[in-house]
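Pasting the structures here.
Each of the two complexes below includes chain A, the first together with chain B, the second together with chain C.
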Partner chain A sequence: MLKSQTLRILLIGLAVVVAASFLPLGVSGYVLGLLTVAYYFGVFSMAWDLLFGFAGEVNFGPTFLIGTGAYTAGILDNLYGLPIWVCVLAGTLAAVVGGLILALPALRVRGPYFGLTTLVAVLMLQNFIVVDAGLTGGEIGLTVPDVLTISEVVNYQIALWFMAVSGAILFALSRSPVGLILQASGQDDVQAGALGFNVTKHKLFAFIISAFFSGLAGALLVFYFGSASIGTLIDVTVGVQIIIAAVLGGRRTILGAVLGAVFLIAMSEVLRPLGDLSNFTVFALALVVVLVFPNGFFGLLTRHKESV
Partner chain B sequence: MLFWQILIDGFAVGSLYALGAMGFALIFGVSGVLNLSHGALMVAAVVAAWAAGNDLHVGPYAGAAIGVLVGLVASLVTYFAVVRPLQNSQKIREDEKEIFILTATLLWGIMIQELIAYFYTNNAKTVSPIVGGVINIAGVRTPANELFTAIVCWIVIGVLWLLVNRTRAGKAVLAASMNPRGVTLLGIELPQIYIAVWAIYGVLIGVAGVLLGMFLGVSSYSVGPLTASAFSIVVLGGLGSVSGALIAAYVVGYLETMTAYLISPAYRTIPALLLLVVVMYVRPRGLLGRR
Partner chain C sequence: MNDCASLDVGHVTKRFGGLVAVKDISLNVKAGEILGLIGPNGSGKSTVMKLIMGIVRPDAGSVRISGQEVAGLPSYKIARMGVGIVFQHSRPLHRQTVLENIKLALLPDKLTRLFADPGIEARVRAIAERVGLSAVLDRLPSTLPFADLRKIEIAKAIARDPKVLLIDEPFAGLTQQETAAFSQLIAELRDDGRAILLVDHNVKSVARLVDRVLAMYVGEQIAEGSAEQVMGDETVRRVYLGGSIETAARPESAFSDAATPFLEVEKLSVHYGKAQALEDVSIHVHAGEFVSVVGLNGAGKTTLFNAISGLLPYVGEIRQQGHALRGLSAARVARNGIVQAPEGRELFVDMTVRENLDLGAHHLAPDESATQIEWLFELFPILRERQGQAAGTLSGGEQQMLTIARALMMKPKLLILDEPTLGLAPIILEQISHIIETLRRTTSISMLLGEQNVTFALPHADRVYVLEHARIVWEGPPNRFAAEAGRGYL
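So, the complex of A and B:
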């Protein structure tokens, strides 16, 4: 029963992705560029949702993982001119290692303490980037000599299919027995432990998966932008946007996070005429949604389906 | 010479941190709320004091009063508009409320930051000090304002101590931080205590903010670091322990001052963050934390 429902959602998702892959025929390059960024952000949000929605750990530092992956990849490309795929691989690996270093002390603590540790990690990374300006470009940012491709359409397709594959893996994982154990550990870790599940091991696993996808997406994003900076990848505001995207889309749904990310990017585009106030309006809207509509769009959709 | 300089500067910075973090600890101790809009509320108070002096041309005392008032109002608005609706919400599971309050206050803080940046730009703002001039202590030329800051901080901390330990309402607040259910059984309305605590918090961040504005100056970029420093001080001292926060504030204040003088101002915040990570690893409940 559960299996068939999972399969059905994956099939619907595939149909949507295939439909989205024909978008370049109809829309302008500008919109494609926006969507490309939105898809990468969708991956960030999905990775975050796995950790929060399922493992129950609020990670205020998604940008620590993203930034570690992105800057490692960017710096390697800058210094040694390695092929892009080697840089991306190294960045992903660095994010996983960074995630492990962060998770080991952080998972000893729970709730707000965990949130704080992850927040501190972001601030430390930010500090180090500013201090090591010679290597990282400091506050101005890092420019990399290589990009994935200069074609908007190819970039769009890479982002789309990368997001689709990541989403499918994360979603299937969340619906698997491991996902159930994670969910149980998130809701009542004492009981989950009493049932014989190794809670810490599973949470660590969730963290590593989250770090893997965040780092990979971060590294790819550097080679899409051709640059990396604190303001676009690491700042706490960026982390908050990732979190809002996941909450707006609906926690514990994984796929909802993509909807949230696309919605956020579309929203800031629609509100652009407001100028400097557009950010404020987006955050205010998000706050209203959190206050009155805490389950998000996708949350309502699937809940409805399940009851039917 | 350098030793005395560090001693004096660290003391002033530590006192300021103590004042800012105590309100934060109080709120958490009584209602279990970690207010991530802390830095934004403080900056709002500073900008109000600055704008009052700059645009309305009021004197430094009136400016400071306006700053504290804005801190108080902002704090109460935060409680009524953001925190309370979430605490009373039926749609959110009880064990998820903490996370929702963290996210919502973080959003709220960023909203305030954006508004300040929009109306008053991102430039650093320094509030004109109440006392000027320089005093010579042990061969160190110290701005009188720095001493003033430390003294006011300690007066406010002293008043707070008296309020909590010597008045009836204060004792109710203290009791609520130890055992909320016990307090309701005694017939004390918990929501009223929450309002009182948020009001106290508002005054504390108002005073701390205005002093910070006179001493170091702030910009809308200070929002994140201010929240983080209060958060790390409170965690270092032990969540919910006000005296722990007091000690931790000086530890962080001196650590930062020493780093700034002895290594480089660019590294200022790093050792304190590292210390925090170490404490979390070795002793997650902080220096004086209970549990």
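So, the complex of A and C:
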């Protein structure tokens, strides 16, 4: 029964993605640009949901993983002019290694301390970038010589299908036996241990997967923007937006995170005429949604099916 | 089939800070045998279970599974060596069906398994058939009755076919009929050749099932033998029932407010989700009267007190001097004179003794507060000495005294004491006992005392209620308790 549900959600998702791939026929380049960024942020949020929703660990530092991937890729391109795909791979690898170095000690501490550790990691990375400005571009930002493509439509399609594939993998993983063990470890680690599961191993695995997709998306985003900066990729407020998107979309749903990311970026665009008040309004709206619909958008969409 | 016992625990000791939770406990369970591990709340029996499972590590001693040493290993390794545990509280995955919840327990601990074995569902169905969950496999846990949730826990624990099965309070919260079915199931699991350790509060509830019983009290073994032997054991009787009980009960007619008692609880019912915690409970306390509510852990004592204190929604009526308390906040109930010293103590552990006491008095006028604290320091001299010390650094007994003192700072008309003896050594009990006696002799306070320790509850009571499975089953003066209601407490 559940297998068919997983399959059905994946098929519906595919249909939505195929439909979205025809958007360039009807909307302006400006809107495509916004959606491109939203899709990358959707991947950030999905990767975060795997850690929070399933492994039960609140990672306040998603931007540590993203930033490590993005800056590694950007710096390699800048210094050595390596092919983009080599830089992206190296960035992804760096995020995974960085994630491991962070997670190994962080997973030894419980509850809020894990979150604090990840938060401190973001601040350290941010400081490193500012201090080592010669390498990283510091507060001004890093400009890379190469971009994925200059075509808005191609950039849009790359982001869309990258998000689709990442989402399918993360979603399938969350519904697999590994996802089941992960969820049990997140909810009750004592019981999971008593059932013979090495809880730390499973949480570490989740962290690595999360780091992989965060780093990969971060590295790709650098070659979409043609630049990297603290304000767009690393700042704590960026991390908070990723978290809000995931919670808005629906905790423990993976795919909901994409809805949340698109919603956040669309709303800040729609509310732009409000000027300084626009961000405030977006966050206030997000707060209302979280309080009234704690299961998020995705929870609303699937509620009927679950109650039947 | 095997010479050494399936489970062999030798001289384990576990300390938490200054508290020795388990002291030099040894036990063994052979294949095809059930050992009952019993003891009152706080005796350390659950800690023994956690030591075996590797959830906490022993400070000393050995734990052997079929001869292999496992002490100090993480629990997932111990689980794989053939130990399963049924937790008292069921915490299933709520988004997954019963089938998926059981399937979880059958999955290998591997990261590479993206698809489960095709045969796994057949195994889930076989296990479900065995524990009686076949009909509800596709439902979500939240739609199931309490007994079925317990069955899910058993199903998970036996999924990997453990040689040793630990079961924590197997019958807590079950009806008699469900208890019979569970006993049957546990007996069958023993007949498969498993070694089973049942952990429970008293002998009576597991007597029919166990082959042997080991009794614990404040971390130490006090008796071992057949259920009959342990029930007849002098020490066990003293721990559970007390020796000859001297009571100084005052008859109900001695209280002047016979028509409208100070506190009246009428047909009180409380539900926690599906579990009924109280059913049609009616009690009353006269002004100045000391009343004990006796019941085992889980009987509903704390629920009763929390409902009176305004902490829980309920059906029924609770009145103070004739006025209904419904709708009053917990803070208002306390200020009106019904004050609870809760079971968990709930001290502010980082604040000093004095600060904790001052918090209890924050609505009193300064001179009133000074008089009150002076009186309390006379009642509890140790607290005067410890004034400047952080509450968290006090011993268990001192913390309990501080809890009572803080409640008394509020100048209660009715003091509710919930399990003041929990986990305390006998000598401390005597001191607390003395304080309660002083309160009874020298003040006009009424007292409602909740206890599973009958020895402690009876001498202080003018009247006793027995709470069992959410209902009041007996009411009377303390001197008739042993004869009429005592046997259930062994």
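Here, the second predicted complex is superposed on the first by the 308 of 308 C-alpha atoms of A that agree within 3 Å, B and C clash if a C-alpha of one lies under 4 Å from a C-alpha of the other, contacts with A are read in each partner's own complex, and residues count from 1 in each chain.
In the analysis below, a contact is a pair of C-beta atoms (placed from the backbone, for glycine too) under 8 Å apart; a residue touches a chain by one contact, two chains touch by 3 or more.
Bear in mind the structure is a predicted one, so any value in this text is a computation, not a measurement.
Asks: Looking at the combined model built on chain A, do chain B and chain C fit side by side or clash?
Replies: clash
Asks: So, A:61: does it touch chain B (first), chain C (second), both, or neither?
Replies: After superposition on chain A, A:61 lies in contact with neither partner.
Asks: A:137 in the overlay: touching chain B, chain C, both, or neither? Say first, second, both or neither.
Replies: Neither partner.
Asks: By the touch definition at the top of the document, which applies to A:249: first (chain B), second (chain C), both, or neither?
Replies: Neither chain B nor chain C is touched by A:249.
Asks: Examine A:187 and indicate which partner it touches, taking first as chain B and second as chain C; both and neither are also allowed.
Replies: In the superposed model, A:187 contacts both chain B and chain C.
Asks: Looking at A:201 after the superposition, I want to know if it touches chain B, chain C, both of them or none. Which is it: first, second, both, neither?
Replies: After superposition on chain A, A:201 lies in contact with chain C alone.
Asks: Of chain B and chain C, which one touches more residues of chain A?
Replies: B
Asks: Scan A:53 for contacts with chain B and chain C and give back first, second, both or neither.
Replies: neither
Asks: Given the superposition on chain A, at which of 169-177, 205-213 or 259-267 does chain B overlap chain C?
Replies: After superposing on chain A, the clashing stretch of chain B is 169-177.
Asks: For chain A, give the residues common to its interface with chain B and its interface with chain C.
Replies: 187
Asks: Could you list, by residue number, the parts of chain B that touch chain A in their complex?
Replies: 34, 82, 85-86, 89, 91-92, 95, 98-100, 102-104, 106-108, 110-111, 114-115, 117-118, 224-225, 228, 231-232, 235, 239, 266-267, 269-270, 273-274, 276-277, 280-281, 284
Asks: What residues of chain C sit close enough to touch chain A in their complex?
Replies: Against chain A, the touching part of chain C is residues 53-55, 74-76, 79-80, 84-85, 87, 91, 93, 95-97, 100, 103-105, 107, 109, 111, 113-116, 138, 140, 156, 159-160.
Asks: Show me the residue ranges of chain A that touch chain B in the complex, using the header's touch definition.
Replies: 52, 58, 60, 105-106, 108-109, 111-113, 115-117, 119-120, 123-124, 127-128, 130-131, 187, 236-237, 240, 243-244, 247, 276-277, 279-280, 283-284, 286-287, 290-291, 294-295
Asks: Of all residues in chain A, which touch chain C in the complex?
Replies: 1-2, 172-173, 176-178, 180-181, 183-184, 187-188, 190-199, 201-202, 205, 252, 306
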